[in-house]
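Read from first to last, the chains carry the letters A, B, C and D; within each, the first residue is number 1.
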Amino acid sequence: MTKIKVLDTPRLNNPVLIEGLPGVGNIGRVAVGYMISELGAKKFAHLYSEHFFPFVMLHDNFEARLLKNEFYYWKAKGKGQRDLILLVGDCQSLSPNGHYDVMETTLDFVEKLGVKEVITIGGLATGEIEEKPGVLGAVTDKKLLKKYKGTGIEFTAGEKVGYIVGAAGLLLGLGNERNISGLCLLGETSGFPIVTDPKAAEAVLRAVTKILGIRLNMSKLDQRVKEMERFIRRVENLQKKALMQISKEEHAPVAEKEQLRYIG
Amino acid sequence: MTKIKVLDTPRLNNPVLIEGLPGVGNIGRVAVGYMISELGAKKFAHLYSEHFFPFVMLHDNFEARLLKNEFYYWKAKGKGQRDLILLVGDCQSLSPNGHYDVMETTLDFVEKLGVKEVITIGGLATGEIEEKPGVLGAVTDKKLLKKYKGTGIEFTAGEKVGYIVGAAGLLLGLGNERNISGLCLLGETSGFPIVTDPKAAEAVLRAVTKILGIRLNMSKLDQRVKEMERFIRRVENLQKKALMQISKEEHAPVAEKEQLRYIG
Amino acid sequence: MTKIKVLDTPRLNNPVLIEGLPGVGNIGRVAVGYMISELGAKKFAHLYSEHFFPFVMLHDNFEARLLKNEFYYWKAKGKGQRDLILLVGDCQSLSPNGHYDVMETTLDFVEKLGVKEVITIGGLATGEIEEKPGVLGAVTDKKLLKKYKGTGIEFTAGEKVGYIVGAAGLLLGLGNERNISGLCLLGETSGFPIVTDPKAAEAVLRAVTKILGIRLNMSKLDQRVKEMERFIRRVENLQKKALMQISKEEHAPVAEKEQLRYIG
Amino acid sequence: MTKIKVLDTPRLNNPVLIEGLPGVGNIGRVAVGYMISELGAKKFAHLYSEHFFPFVMLHDNFEARLLKNEFYYWKAKGKGQRDLILLVGDCQSLSPNGHYDVMETTLDFVEKLGVKEVITIGGLATGEIEEKPGVLGAVTDKKLLKKYKGTGIEFTAGEKVGYIVGAAGLLLGLGNERNISGLCLLGETSGFPIVTDPKAAEAVLRAVTKILGIRLNMSKLDQRVKEMERFIRRVENLQKKALMQISKEEHAPVAEKEQLRYIG
């Protein structure tokens, strides 16, 4: 069960999908989150799934909400710009096979809205503090490379790591099966212990806005990243606590006198 | 496979669903169990699911029964009261994604019976002995808050924990997607080692009966909680034993001479 | 995916299903296996499932076969006897939810053949060597108890353990939802380390043949149990080896220089 | 979700399916890979599945591709030869039940192309260095044995191990249910730590080409195995790293002050 609830059906002209779901360093999450707030993009649909954690989060202290992925749109304002669909959210699939289901459902949805191109954003954990984090790229087709010349993207991700897990990867892989072309941008970041990395997010934002012909004021980025980080950290901690609660219950000791007998 | 077997189809007028499945401190389980016995509510359906543990329990020493969730109804008797559907049961889903399936099936069923409002009851483990356990609340929509003014419910659950796992949470989250409004009541309790907590159950019972315009005689609560506890503890222990049996079988040593060869 | 392949469609008159799949002490497996060989019952269908282990066994050194459950039939020969469907097999479901799927598919199949009654056979691990193993019983309905008076079955299984895992339990529980009445017979056995227990198997065989009005020559039981044990132990060992192989592959060390970088 | 994308629909005359997916020693993978390159077989379809790891691999440093199984065909050139469908790929199913789904989907596909016979290739880990690795065989039916007389295949796999895991086994087992006859060839190899074993691959190649009436120049085998090994090792390492990444995220420590409270 993966369902999309449509709140509004925008008319879009050849839109490109920009994905920024949680992942390594939450680069995509904060980069696309910043684009949404700076562009004033509008929410028009959300997705929920049995592959997400089975709980509700409490927003503003008392408002219960399912874990969700959310779709926003923004209509091109000037020359060289394109209509955008921006995908952010609380989480990705809990189970390996769920990633396929959630992303196929996502592609079914955006394909109907005319999407023929996706840009996904993620992080690459290097294990080192990156003073000037680079942006690595991957594409669905070699032919796309010349399109991205002069953007500063290094197309050497394969050499450095070799794979892209989850939404950022599967939207390219599954999209390619539908003749949707794709670009993945990976910001270099130190790795796991850091929740969000504003420097890496800025690096990918500079690359993606250049590609899209959009100008963003980066002055509020640091502050906005901190605000987003609070929320992202909370979701992460809640999921970890819920995992602990589940495993605590499963491994709790059995009343001793009952341990000796079993049946089947 | 989640199936509902309907034993009787009551005609209900704008009923509210009250959920009390097993969970932290089994607050919901004993509170709604007590409502059912004190109100004399009638069983009219039950649900079973592949997401429950694959065993039968033996009731009264020899009667084999699937693990179930059970639906009871009660018709309003006086002014300011509402028809009720009360949901209790042996267990919740074993697997994370099963929670979504069981709760969507539950909502499909009660929506057809006219349910537009749910109240779920759970526990909040504080790690401390609570002399006067508070009742925390969460809702699907801020607008509902004024409805619950003067009930003593503290709408600060988000601050204190941040999430509600399983049925008590998902009925609100998934219900909200169907425009079913929801309230979750959480009784403060010390936490895991206590099987049931009558004080916390009484606190939530006082809140929920106030909301529903019902008067319950609380004098039998302690005794009834002890009776229910015996059953609840039994189900919990059986599930733990069954888990142990399963993992024992999986991890049993292989005959040694056969360990050296494998194939594929 | 759980599929039944029908090799022959016997005409049966009000048949009773006798289940003896692998389980604690393999009591059911050897008891029903012995009934099949002594009665000369005929195989007419088999079941295979994605919930079984994903391998083929090699029979007679080179013949590859899926893991299966097998259906045999036997037609009543004398007064007081009934047509029988006998269910044995290599294994039960690997995953908890698979048990429900396999048993629902089994019930769909036998219900079409007219089955309104099932007898399942299992073991109860007592942790002690049983010189004179008792036979415990459980039923789907109290009313069935008088039917089994004088058979020596003790209807105290609930007190002693409280649950029946897997096929032996679910056929009763799921059957009851279809108005199929059920009896489960559990032979007392010491527990896990023993692969098969001929004494316990003989005890349940005496009970089940008395109920069915059948006479079996028990003189070959010890020898046949040893033959069956060889096969049963082999299947068990193969499953354990396969589990080890799978987990070995998953936990194998990664080339070290590649450990520092990851992506997502 | 398991999908096959057809790139071309060849007309084939009574083709035989030759399977060589990754497994013990990757014998099948390199043997069938070598057949494909030496015969100049043409790719005509590929399969992807939610049962594969949820990531894309980066080929040639920047081109993102789903994990896939790939179908090639080769048309008979001379007397005694048969049209071939050759199945290779990056991986097998991640979950036990996925193997059944992927192989049933595969059989549905090749059955429509006229396949009535399959040959699967795998490895048998003996735990010893094999100077002259033997080729063990298993079949779907005893009657096939005489067909393979004089090929040097030893039909003693059952005695030596007893089971065949995954694609190499299930194509025989599930195929047999469709009246597709099958042969499995297992090259003896030392076992897990060796990624690929060219000697064992050569042994099975000699057997399978003899059966198929094909002559292959083996002089490039060692070099081609080394090339393939680089790729195979990379896929294996990526899967292990991805597993580590997933489990690292799940087991990361929770902010301490939040550990004391939970809810449900």
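Quick note on the criterion: a contact is a pair of C-beta atoms (placed from the backbone, for glycine too) under 8 Å apart; a residue touches a chain by one contact, two chains touch by 3 or more.
Everything quoted here is computed from the prediction, not taken from an experiment.
Student: If chain A and chain B share one sequence, what is the angle of the rotation that overlays their CA atoms, in steps of 5 degrees?
Tutor: So the copies are related by a turn of 90 degrees.
Student: Farthest from chain C by Cα centre, which chain is it? Let me know.
Tutor: A
Student: Same or different: do the copies chain A and chain D touch each other through matching residue numbers, with over half of them shared?
Tutor: Looking at both copies, the contact residues mostly diverge.
Student: Report the inter-chain centroid distance for chain A and chain D in whole angstrom, where each centroid is the mean of the CA atoms.
Tutor: 33
Student: Taking the mean of the C-alpha atoms as each chain's centre, how many Å separate chain A from chain C?
Tutor: Once rounded, the distance between the two centres reads 47 Å.
Student: What parts of chain A, by residue number, touch at least two of the other chains?
Tutor: 157, 161-166, 169, 237, 241-242, 245, 262, 264
Student: For the complex, which residues does chain C have touching chain D?
Tutor: 1, 3, 5, 48-51, 53-66, 94-95, 98, 234, 237-238, 241-242, 245-246, 248-250, 252-255, 258-259, 262, 264
Student: Which residues of chain D touch chain C in their complex?
Tutor: Answer in residue numbers: 93, 96-97, 99-101, 104, 137-142, 145, 155-159, 161-166, 169-170, 172-174, 176-177, 182, 184, 192, 233, 237, 240-245.
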